[in-house]
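Alright, structures below, take your time with them.
Next come two complexes, and both contain chain A; in the first it sits with chain B, in the second with chain C.
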Partner chain A sequence: MTAARRVLVAVGLPVALLALWWVASADSQSFYLPPLRQILEAFADVWLGPRLVDDVLPSLARLLAGLALAAVAGVALGVVVGGSLRLRAALEPVLEFLRAIPPPVLVPIFILVAGIGTTMKVLVISSGCLWPILLNTVEGVRARDEVLEDTCRAYGIRGPARLRHLVLRAASPQIVTGLRQALAIGIILMVISEMFAASSGLGFTIIQFQRGFAIPEMWSGILLLGLLGVVLSLGFRGLERWVLGWYHGLRRAQRGPS
Partner chain B sequence: MRPGRRQRWWLGASGLLGFLLLLELVPRAGLVPDRYLPPTSRIAGALADELGEPAFWRALGDTLQGWAVGLALAVGAGVGLGLLVGSVPALRAATSSTIEFLRPIPSVALIPLAVLLFGTDLRSKLLLVVYASFWQVLVQVVAGVRDVDPVAMDTAHSYGLGRWGRIRHVVWPTALPYAMTGFRLAAAVALILAITAELIIGSPGLGREIAVAQTSGAVPAMYALVVVAGLLGVGVNLAARALERQVLAWHPATRREAP
Partner chain C sequence: MSKTLEIRGLRKVYDGHGRSVEALADLTFSVEASELVCVVGPSGCGKTTLLRCVAGLLEPTAGEVLLQGDRVAGPPPDLAVVFQEYGRSLFPWMTVRANVELPLRSKRLPRDRRDQLVGGALAAVDLGDVHGAYPWQLSGGMQQRVAIARAVAYEPQVLLMDEPFAAVDAQTRAELEDLVRSVWRRTGVTIVFVTHDIDEAVYLGQRVLVLSSSPTHVQEDLAVDLPAERDQLTTRSDPRFTQLRTHLYAQIQRAKRGGGQPSPPPSPETAAAPGT
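Up next, the complex of A and B:
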């Protein structure tokens, strides 16, 4: 397939769907389903003004802070737990339980402890993101290559060098998988921590629009959240390709020329 | 030395016991104020109280109902559309970018819409649950159908199997393990979204009870309900895994794992 045709196939359906939405809603009288034109106008008015700096960017900053905190804690704990059979056996039931708690119920707990400020939101995001990162790191550390492990021992590689070249490297594909799962949970928690109790932020603003029956603005907020989800996941994929380039190359080489 | 099966069980049980003991001692020693984190024994007491309340069982039933109905709808739609999209290459090529675009849209973005359209009705909850879990199933089933062995397909062709025969005997067995993975993921996601809907929108269920307990300052009751939500999550995970093992008992990967 030529490049032009591939692009055509990829954008064809989305463009057709958007056109359909545009045309079908063009003279919509329904209060809840305004014309797409109005939604896009509202989008430009609402989100490209001061709200971008006041609401959107702080929300994203909290998401990234929470994710970073969870990544550091999750990888550190994961390396410790994954490295010891006994520790893993002892902690497994507790971790299974903590992981199974639906993360949104953490919001009321952290409101109790930390109020409704930034601290609460970052804590909620990071404690929801912790489990996928932690459990995937444990799995990755556990499944490291035995030959490499013996080689390291034979060459007397230990301490930080062993951690960096053997343990973290072996676990990195799994860590990245955990981060990807954590990102999806993090976005959810970012939005609902602001919807539940806040005075600014993306989720708060959208709920305000809904409560004030500012319908085109509300739709533009839904659109923005969708776009953010897509952009973050594309960005993450780019990052993954960069960080795990060696791994995908290795897998391709192992599979042989195809 | 590798700990044996029995020893692992003991380690796990003592880990759990240690965790509970820690949560009992930390607030009692005053490290954390007990209005933030009540000791385990008080949470257990509140849990026992809840178990005696008909309202608690009603909330649990509401949560499970939203979860089960939403999951069933998502799995039905995901498997049906997945088989269709996966088996027609042109359709797969045309829809892949749209699926990749729609999938990462966080379903919590639909909360305001759900509130406007359905209020605190069950349908609000279902909208969120179905949207979130549908993609998990769809993506897995499409990948599964794509994985069908071309030789097996050609063989089925030469033996004169019709369209349904091929789907039943070639496509389905290949896609089933993928579909079960999708189901397992969807079951967990559906529970998260059901409870989110209750927490944020106020649909009846455990999530709403937690929000009510928090605003009324009933801290031990709130923790007790969080524990119930966690146990529900564990139950859902275990049940999905057991079902997966049962359904895929014939699959080589499962047979190899069997003791």
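Up next, the complex of A and C:
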């Protein structure tokens, strides 16, 4: 498939859906479901101004900070837990318990501990993103190949070199899977953390519009969230292609020539 | 000649699930410097266990392995291993070159020395043109060549090979056997080559150790008195080759049945007159 055709296929359905929305909502008299035309007008007015700097970018920065924190903690803990059979057996029930707690219910606790500022929001985001990264890393580290492990031992590849060249690389497909799940959770928590006791941010702004009956503006915020999701996942795919090029090649080679 | 490798009273018992399995009963043998010794035995006789104990990857239950007089406790620095599972012993996230270079980095060799060793080793296994490829882009035989290059570049005193050609096709296998012979003759490295293939053992080795079935001991230590210059056609059609492999085959059959008196090794004179 040529690049142009690929883009066409990828963009085709979204364009068709927007067109359908546009046509179906064109004569809408409903207050809550305004015509798409109005929403798009509001989009330009609301988001392409100072709000971009005041609300959108801080939200994104908190999301990325929370994700980064969760990634560092999750991978570090995952490497330790995944490397030890005994530790894994001891921690697994606790991890499953903690994972099952929906992070939004922790928001009031985080407010008590960390106030209502940026720290609280970043903590909420990372507390939700941690679990998929941690559990996937544990699994990836655990499942590393024992022949490669023997190879490292036989050739004196120890300590940091072993961590860098064997453990982290062997677990990288699972770590990336964990990061992808964490990204989706992180976007949700970014919005939720801004709905409590906040004064700026995407989630806060959308709630403000809803409470002020600025319905087209509210819709435009939801649209923006969706767009952010698309952009982030595209960026993530780029990262994945860079980190996991070997993995996809290996998988293709194992499936045999197609 | 000095003894590079000495195995004394080696015993390995696996404990687990309420029963213990005696993989190695009592193995004693030694390998001289620059020797090429093949180890054969019936399947399940503990060939791999022996090799892992020698490599320091496995703690023996009793007995000891001495490498240049030093007791092996953990993988020794001047010993390299080529594993059977080439697809799993090369790092799939590294290029061929990086795979060969990584052990040299952990040896803290300077860059120009590493370049020299990596280039030399890859050229020696005829892979001078695939430095930048990933292992999974290569055929099985080429992957095992990379593993051999990695071992050669490491400049070990002793090279252990664990059924390295069990998973490649017959033609590739013959090429790789010749490659091992040429690397051995060029570098003078001491090689212990574990195989289940009797022909391969006779073709490659100066000596062949026959292991008994479990509980395992050395059933026979056979000198291979074939000329040092070997090639796939003339060596394999040499009457002496046939004689040795027939003898080894009988030994393995006996080992499978569980011991008994070994027959004396065939004398070379009978090979000259096959009619008798």
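The rule is simple: the second predicted complex is superposed on the first by the 245 of 258 C-alpha atoms of A that agree within 3 Å, B and C clash if a C-alpha of one lies under 4 Å from a C-alpha of the other, contacts with A are read in each partner's own complex, and residues count from 1 in each chain.
Simple rule for what comes next: a residue touches a chain if its C-beta (ideal position, glycine included) is under 8 Å from a C-beta of that chain, and two chains touch if they have at least 3 such contacts.
Small disclaimer: the values here were computed from a predicted structure and weren't measured.
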Partner chain in contact with A:Pro160 - chain B first, chain C second, else both or neither: neither
Larger residue footprint on chain A, choosing between chain B and chain C, goes to B
After superposition on the shared chain, which partner residues are touched by A:Gly12: those of chain B (first), chain C (second), both, or neither? first
Task = Tell me which partner A:Asp150 touches in the superposition: chain B (first), chain C (second), both or neither.
result = second
For A:Gly238 in the superposed arrangement: first (chain B), second (chain C), both or neither? neither
Chain B versus chain C as contact partner of A:Trp246, first or second or both or neither:
second
Going through chain A, the residues touched by chain B and also by chain C turn out to be none
The residues of chain B that touch chain A in their complex are 2-3, 7-8, 11-16, 18-19, 35-37, 93-98, 101, 104-113, 115-117, 188, 191-192, 195-196, 199-200, 207, 210-211, 213-214, 219, 222-223, 225-226, 229-234, 236-237
Chain C partner, complex, touching residues on chain A are 145, 147-148, 150-151, 153-158, 161, 165-166, 169, 172, 246-247, 249-250, 253-254
Touching chain A in the complex, chain C uses residues 52, 55-57, 74-75, 77, 79-81, 83, 85, 88-89, 91-94, 102-103, 105-107, 134, 136-137, 150, 154
As the complex stands, chain A meets chain B at residues 9-14, 17, 32, 85-86, 89-94, 96-105, 107-109, 111-113, 184, 187-188, 191-192, 195-196, 203, 206-207, 209-210, 215, 218-219, 221-222, 225-226, 229-230, 232-233
